[in-house]
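Below, chain A partners chain B and then partners chain C, in two separate complexes.
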Partner chain A sequence: MAVVETRNLTKVFKEGELGAVNDVNLVTNEGEFLVFLGPSGSGKTTLLRMIAGLEHPTAGEILIGGRVVNDLSPRERRIAMVFQSYALYPHLTVYRNIAFPLRAQKTIKVPASGKSLGFFGRMQERRRLEKEKVQWAASLLGIGGLLHRKPRELSGGERQRVALARAIVREPSVFLLDEPLSNLDAKLRASAREELERFHRSIGTTSIYVTHDQVEAMAMGDRVVVLNQGYVRQIGTPKEVYDQPADTFVATFLGSPPMNLVEHDELIVGFRPEQFRPAAQVEGDKVSFRLRVENVEYLGSEWIVAGILTGGRMEGKKTIARMASAQSLELGQTYDFAVPERELKFFDRSSEKRVAARALQWQ
Partner chain B sequence: MKKPLGITLLSILLLVAAVALLVRTLQMHVGGFMGISRLVVVIAFTIMAIGLWMLHNSARIFLAFLLTADILSGLVALGVYALRRSNYRLSLWLIAQVVISGVLVWYLQRPAVRQAFGGYSVWPRTVQMLVLTIFTVLLAFPFYWMGVASFKQNLDLYATENNPFIFNLPPTLDHLKYLFGQTGFVRWLENTALVGIIVVAITLILAVPAAYALARLTGRWGERLGIGIFLTYLVPPTLLFIPLSRVIGVLGLQDTLSSLILVYPSITVPFSIWLLMGFFKSIPRELEDAAMVDGLTRFGAFIKMVVPISVSGILTVVIFTFTLVMQEFIYALTFISPESKQMVGLGIPIFLVRGDVYYWGALMAACLVTSIPIAFLYNLFLDRFIAGFTVGAVKG
Partner chain C sequence: MAMKPAGDAETQAKKAPPLSSSLDKPGQLRPRWKKVKSAGAATSPLLGAAMFSPAALYILLLIAVPFFLAIFYAFSDARIGSTELHFIGLENFRSIIHSPSFQKAVTNSIIFTVVAQAIVLVCSNILSIALEKPFRGRGLLRFLILLPWVAPVSLGTIGWKWILDSIYSVITWVLVWLGFANKLDPPYWLGQEGLAMASVILVHCWRLIPFATVILLAGRTAIPKEIPEAASIDGAGFWRTQFQINLPIMTPILSVAVLFGSIFTFTDIAVVYILTNGGPYDSTQTLPMLAYTQGIQGSDLAAGAAVSVCLIPVLVIIAYFMLRMAHRAEVV
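Let's turn to the complex of A and B:
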């Protein structure tokens, strides 16, 4: 049974305007890490907020655990959400922050036992169980020593951990994460990402993760949902969306630098910069181009070569190559470059959708 | 570090002055207030002398502060009093004092002296202390004046040749006795407290949910409506009291405290809504979203998240409303006549000024008694209060 499912989900904020989310159909697999990837304004956060119950869909259905939850409030959906700003409650200590969902939901029930505890006895018992729960969540994230602090006394990484602990403490059926890494600086982000991955592996709860960062999406996602202007452009594993992009948007949004696109009659032909190499290095069937080198960037482990195609029908088209070494290339000179034929992707020029590979006349 | 000669001389001079003052005070049997203040000066001089001797920079800075204060007050006295009164002996004496102090400050700032005390300039700390002193004196003076006048005998109060700043005759409790025994002062305080508490309650009940609704729920119109509500606050009571007294008449509420309880929220609610709107807007929406996901309803999130976080704003509203009720004049004057129904802000000027006779002692005592609780409240919540008024103005 799918944990989260959406059927023709649509959100229109203002009547007559383009929808923020249009006709989205999604099914999550049990225990997977699903990533919503898209540029800002692509509707990914709106989609997540609808699943959380913070926005009401204009049309369509949301199912959690096989039940339509459209009319349920967020608190009734058994979900946990980690926000971009972490949204830690500033007036409560870390302990109270983590315990907050337990108290708000009154999740902790004192098991009925033989002897009567009385009112205060039951309260004490409830506090004891709550403390156990909070300490379990805190130790899972290694923040057991911070429980008495206030959020403003924590570093960015510690805040993220508190937010995660608050999310797991009541063992939700699904985790929603809204760009939780975007407030961290670049260095911290990599380690926080790794921590998130480890965290997901250890608890195995279905998670939906929103990001605009393709690196995060590729690195963390079991599957990636690429969104643009409220439409789902492609759903697939990171390998599928990178190697088999469904349209030109996905092709250019993923990959840095993006896929080169050149027009050819009724088609658009794309190839990844790392497949675009000096002709001598390319074996087998290949398509050759003449490239005038305009700019060379050295990035340590690789070189980014930007140039303009010359001669033939591709005259004047800007393309980028990514190579292990470009020391021998000189600015302003023209070289022979080539792409293996099997690495070419073909898109329909009007619909921009991917079409089957075919042989083309290149000269 | 070698001690400059001038510093040695200065510290000896200060010590000698302290001893001389002590001997003179003891010889002349100066007692009471003057005796104590002279003793304070003796101790201060002695400490300063020792501090200078041991090259403590704070002693140098304190000396520079005293000298600068002396120069400033000398110049003020010269311009405001001595020269205008053509009192040339005093003028010469003041000029000499200013010049000597000036030379001493200049000496304290000399490179050699500066070096001996660790290389610091005297000015930053001195100016800081001066500004602090000036403002403290300026702000504390009304309280001091009220305090002194409340306990002065009438004879002392009205004798023009007496020094007005101190007790020339022994203090008395007569004015307080008169205030509490012969006037309705206690009753007025009770009235004010009653009206204040009810108006604060009404204001909170109306303004907190309204401000939240305007800040969060109604989108663009919320803002415009908020500005509209704030505009009503700008209509002055001096205009409104005429139509409103008709309204009070029609409702049959003349000479009752209910009339004030009805009218005051018309001033306090708009302002409080406007103030709280800024507060609620500064709370990130994600906090409420998180609270709702974590298991609260929207109302629950409002009560358990928004209200505790905006406690400073709510406190500001409480204090603002209460002080307004205490000091409001026009409505209280026009709606209520009998002595037993007066508010404190009106009872005092009406019943302690009879024709052109001012009961200064009782007036000052009344002001003092009334202002103490407010001053206490302000100081208790000062930090939160400042946060309340500056939220939105400074992002942080």
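Let's turn to the complex of A and C:
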């Protein structure tokens, strides 16, 4: 197991262009599940590929287990990676796919006591040990029955497990996963996600997981690194990035529907849709608004109410509320809504960075 | 007896059109070919036949007739300048199989094909690896490498004839300059048995490497980028990635390159004809060349036909094995 660290890591693909990854500094914790989250083009995959050694950084350093690995090839970094497409070897059986890293890295060593076996005896012994190892990895993922199949004879979920087994079999120091769930259908994704979490808990290897899906990031990550345009916007636990977003990008990227943002003099004030409720339901210090309901969506467990603020200085601003029930609301009518004062987030209007909470004149 | 059901079918066919066209537009009888348009498919046998006939004629006149004529001649005593023709069974085959020049030609044809293909495979693989990754001037280099393939075989070979000439050879000149050859006793590239053979193989390779390179390049670029990347993360070095990952995945396309290359080499006559004419002492004689010398130059049409008929089973076997290989190597 090891800690991954990047120092001022930068990648510029073409000279003169904007960097795909800019000045990224981060350190994983031992055995942590770290998630890189960002929209497409945010540089999260490039960052992962640099850590894997598939991409050479333009500037900065990568450290794995305290050692600078910039000039080491992927094979020397002792990492394992699961690709978005799984990248199984199509011409090899599942068994040979899983055994490939063992043979390539010559991981299987016959103990010294086996010297008396002779050349062929040692070879047999090596194959036996290899088989044990492959079966261990396969049983960990419940694919012991598929070892003789070719990848094309497997379903998407089975392929993903083979890819995981191939990654785990060499007992790597770091696990890199590049959107491994995005090729699965929605139903399978939820169960695969849960399985992956359980899998990580059982092996406890430091893992870096790339995704554009905030649900995956929130559900799986010990910490989440939010990236946009090659810059790290925030690093924190799922709770921190959701409740204490560092800037307006993080605030709107996380959460569905996103945080409501309203401009107020030199500030931008944000509040989550689930905190925006009919005034009667809000207790304590609160900020009140008048909301004209424009649209109501029923989503089964919740209602999404979209409306426009009326009156006061927020006139005409579109906002969204998420409520347990909105049956009593009628389209086109205006209602009293409120947000608890402690749930307001404040951002600087020019830098869009978060600033300390303050009392504001709302009317 | 056989005619009657056919007649029945015809009357049925004649009855059918008014029925369907009356559905189209009642009371109006349309010419038959118009129905094709409304049906959206070639239902008229006449139109189909008309469209098909150029291709059929081409195959019939230019491929089938000469092919069967050659087989027919092979079993006859046809000679140039003689109008008489007798069927003599396997006599031609019996005599050519026992002739030393035929045996030599078979051996040579196989040697040329196998050695040239082996060299071509190695070189085109190296080239395709080198040309895969982008670098400055790659487009120009790819274009240059393709040139020997697009140039006419005969012109290219005539160029090689000068390069390998006994007096004006540039190769000899360079070797003498480097001190590897004696100016007064230079190597006769096309006049010494071993050297002549090597020269023919060299020219075949020169001609086929571009073709194989282009095919392999296509095969290589078709491999998803993540697969060799996964291999490198799994700990495979360059050779393991090539031999255990890339080449096995490319097997189908490799076999296409080998299949075409083998057939091109095995059936080629231009290179041998221009460079050595089969000599010295039959040392570069090949089957197509022998068919030509015996059949046309030697006026023994029947013997020439028999030699060329002997090419068929070999080509069928090559094609069969290659197609089977291509079929077996399935890729996701």
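As a working rule, the second predicted complex is superposed on the first by the 359 of 363 C-alpha atoms of A that agree within 3 Å, B and C clash if a C-alpha of one lies under 4 Å from a C-alpha of the other, contacts with A are read in each partner's own complex, and residues count from 1 in each chain.
Please note the rule applied: contacts are C-beta pairs under 8 Å (C-beta built on N, C-alpha and C of every residue); 3 or more make two chains touch, one makes a residue touch a chain.
Every value quoted in this text rests on a predicted model; they were computed, and no experiment measured them.
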Simultaneous placement of chain C and chain B on chain A, clash or fit: clash
Contacts of A:74 with chain B and chain C, given as first, second, both or neither: both
First, second, both or neither for A:91, with chain B first and chain C second: both
First, second, both or neither for A:105, with chain B first and chain C second: both
Which of chain B and chain C A:128 touches, first, second, both or neither: neither
Partner chain in contact with A:83 - chain B first, chain C second, else both or neither: both
Contacts of A:54 with chain B and chain C, given as first, second, both or neither: both
From 37-45, 55-63, 91-99 or 127-135, the chain B stretch with C-alpha clashes against chain C: 91-99
Common interface residues of chain A - those touching chain B in one complex and chain C in the other: 52-54, 73-75, 79-81, 83-85, 87, 89-91, 100-101, 104-105, 166
Chain C partner contacts - residues on chain A that touch it in the complex: 52-54, 73-75, 79-81, 83-85, 87, 89-91, 100-101, 104-105, 150-152, 166, 170
For the chain B and chain A complex, residues of the former touching the latter: 284, 286-287, 289-297, 300, 304-305, 308-309
Residues of chain C defined as touching chain A within the complex: 224, 226-227, 229-237, 240, 244-245, 248-249, 251, 329-332
In the complex, chain A residues that touch chain B: 49, 52-54, 73-75, 79-81, 83-85, 87, 89-91, 100-101, 104-105, 166
